[in-house]
């Protein structure tokens, strides 16, 4: 079965325990001839890495990717692409105590119920470190998409951290460099407030939730497959597969619930649709958001361990990676829509 | 490919155009020996049927299901189960005009972009009538689950219609018969207000959105498959594959975003988790909600056609069906978790 | 799971019990815009039909196909294509005795072991009637292939019945009309001998095996997917999924075993490769054979029932259908080989 | 897509180019709690390794397996198991010339046609070295099967090399240690003749084909899934996915073609069925054979390179591995056959 696989055509298989030998990914279904951009791969990994700032965990992930197969002379071969990242920092003794008492909010007990035999060190495979595989695969998806559709762009950012909520519009967001803001909340004042909040939280063993919002522009019309791989359905599946997520909405999202039809349905290009109608992309910009709960490492656990007081800033590149994966899958899939 | 399939183990394939010969479903992966409850099948179909009340479309769907294969002597054979429903009422002349101008908010244009050759009559396969296949398959999933886990219960209901929002708690909801309320909003006063609102909307060519909430109790712990078929991920995929949906949340949902970790993570049984932690069911009750936008048949289209001013009441059995499908899939899948 | 499905891109799901309501197929992954050739569908079904001659079973299959979905205005819609054939002749009383004693050589007992609850009437789904679904789906695969590759041709024929073995070469075979020979063994003398042999067998309750050989010409080079969906691997899987088959070989086949490499490997176009090298088609004609054991209905069973003394003549269109299915799958799949 | 994957439940994904960084496998769907037998893994790899004797290629494969994920404290975790083997001996300069002229009988040209961009060094992924991944995965399948079904045994052996054909019966084969015979043809005289033949061939740049036969005993009845994952269909697919294979037969195999039904169908336990009836295992011993053509490295290529004059001896553990994979897949799959 494909519990650890994502995608139908451009398919990734993720493997590796947090404190095992290595994490990695195998990508099946990437066509031959994609120019492999190693710099992009490393850059994306750096963006996901812990220890980037005062508001993220100090866990030291060296994270040097090794491309094991599927790439030759700078281009993909059409064969499976395996990329591996060794686990450099395996301070598993920090986690010995977990073996005996499950951490509140974590998955220790549910995994134990399911599998009986588990790797208790740092959550094993339920650790956030698993998202590294998504960033690796998402980077290859990005290479594929950008070669086929050079105009296609994806931009994720923190749109809310705790009560601090961004109200900037899409125009402005496309102009800023999200990474210049420590919390990836691209607004100077809100970012500063968020930094203060999270630094205090780190000391106090407190944690906060937030929202990652994503814009995509120049997406081709007609992506998505009715009726069970609608673009919105695959996006929702992708996003809710990320740890700590609790909600997904696109376009007018949950607010659509309160609208009158005559106001909502103004024209076929309206932003309320979030770029998706009938489950298929319309060619208008995509707009969707994912909600994250407060990280579950709180109180003493948080102080001792090496955890983020808020996962949202580091979730931004993960959400981007999953977006590229959905895009790559459907861009290739659309080659099969019509006889010619 | 499996664009029209849902599920990994208990798998349904949906087929049929709204104004074609018939709609139907093939279920692969249903084990042999499930007692087939034809009454349940018909009852569930009746609940989804249009024309049930003054607030739903008058389209006449006879909807007599024919079990074509996979069932013998009242029990499933372990072979594919095909169930067919003829399209009795094919007034396609009503839809002739659609061929030339896409209806606002509908999928007519995105489907045309994708497939070039489309069945323009009543949306073809992008019609809400497609959800019939989900109810058929969901009913078989329900038969399977209830035979294996007699205590397992699923209850969906309208929790919001336009601005009318329910605040009753789970205890109360389990006691009521949702179908006694025309809008399936199980609260006498709110239901009456909603009926009035929707009857007026029908006359005025107006439409409204709303929310369907679902509770599940006595669900086994450990359902869901890390990391890409987490229970929440498959639920989100299932729900967002339904037409007109715009958001999904579970447990504390979007509200989790604003919480402090120390308040959020009280204990492993907390309702904020919505019965899912680490992507796996905890054994606590499930609680999730799906948002629907206002139906896109408004103004002149709505007056002429036979459409619902609010899809939420009729979406309730569809959400239930998708929930049973996710449950059946993961109940069977969990047989593969451990060596014994 | 996909026990009853064949194909990865162009995918068929087969359903239906021999003496149930109907047999049928759902095809997922057929692109939009394929011109639907109803005549071809009926013609192919006629070729598979029992009761065509003195050497086939007298079972009366009316076999009128109903295209339930996926086709509109003479072309495919890109949505699932369901085709249904009612079971007209359900003389199940003939089979009542089977409930108690499994028929030698049949699958009655193995199915019973597996599923416990089985449809004992005429083998249920293990009946040869199941191949009807393959012919339905194969016909659509043929429509697709012939529209994309008008030169592509498939020709299957009986190359051996009992000891009667054909030695004609490919050139000659392409010229004859296989269906003009009752046993589909396209050689006047051998065909006559085979007819006599099988007519006697029918009276005597005897049965015989044989071989179906297939030539394909003008097949594009590069079809097949390394390493587990090599063209030869998928062909073997397709052919061995047909009931009563016991062997598969292509090119020099089993004779290759005895060859010296220096004689075998003469040039890249050699017929010994059967049009497949490295698992991929070379562009040279395909050539493969499938062996069938004697039908298991012998002695009293055969005299009473309505069975073929040799399944090979009627297997010819089934082998062709499976060949078209493998071709359609890989022709579409090859769209994903390269970035452009 | 799953071009490089095998299995539906117990699923392996193979990756790696012959002269790239490493070869490896990811196994998805192995349940938690399988005792991991590292010795068995290494032993099986040793059996496949080149350079074992005077009749195999001298290529030096160090082949030290690294278990990267999915195993902890000596048992599987239910998470993906990644096993990696570095490519120690990358004398790719030997292969530089291949870039310009495709080797007769190899897949160089068909891969080039398909993918345009290929790794020309030693066949890249079309090299026989790819079978290493099968042996890795097959070993884990064996661990799983033997823990669940301790009596289950698989024995493959060379049953023919060139014209040298074994006629020993199953009883005798089960008693011998196949690996005591250099050619794995377990008959002293024939083995000696085969050794002489192959040593001469090595000098002369000649090559030969042969047959690998496999017996399986104590296999449970009812394995296999109708109708497209019949046990015979999956076996055929598995075997024909191995390079250089040209035929597959089971039970009476191709000889069945010539039999009379009244002689063939003696009783339900007859050896002619090869342990499979109706596509499902009967519980009787399995018996099937795979034909291999002469290796394509002949004449000057063979003298210069490091290749086997006959692949059959080294194919034996690969056929065994594929057999274990099919068994593991269907043993797990059968958990889903019935409601209880």
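Going by the order they are written in, the chains are A, B, C and D; count residues from 1 in each one.
Everything that follows uses one rule, which is that a contact is a pair of C-beta atoms (placed from the backbone, for glycine too) under 8 Å apart; a residue touches a chain by one contact, two chains touch by 3 or more.
Which protein is which chain? UniProt says A, B, C, D = Chorismate synthase.
Predicted model, so just to flag it, every value in this text is computed and none were measured.
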{"item": "For subunit D, the least number of touch steps when starting out from subunit A", "value": "1"}
{"item": "Identity of the chain that, by mean CA position, is farthest from subunit B", "value": "D"}
{"item": "Approximate Å spacing (C-alpha centroids) for the pair subunit A, subunit B", "value": "27"}
{"item": "Between subunit C and subunit A, distance of the C-alpha-averaged centres to the nearest whole Å", "value": "46"}
{"item": "Residues of subunit B engaged with two or more neighbouring chains", "value": "1-5, 8-9, 14, 29, 32-33, 76, 78-79, 114-117, 125, 226, 336-338"}
{"item": "Touching residues on subunit D, where the partner in the complex is subunit B", "value": "9, 29, 31-34, 76, 78-79, 144, 147-148, 226, 332, 335-340"}
{"item": "In the complex, subunit C residues that touch subunit B", "value": "1-5, 8-9, 11, 13-17, 20-24, 26, 28-29, 32-33, 66-70, 72-73, 75-82, 84, 114-119, 124-125"}
{"item": "Sites on subunit B touched by subunit A in the complex", "value": "1-6, 8-9, 14, 102, 104-111, 113-117, 125-126, 130, 160, 162-163, 201, 205-211, 221-222, 225-230, 232-241, 243, 245-254, 256-262, 264-268, 272-274, 277-283, 291-299, 302, 309, 333-334, 336-338"}
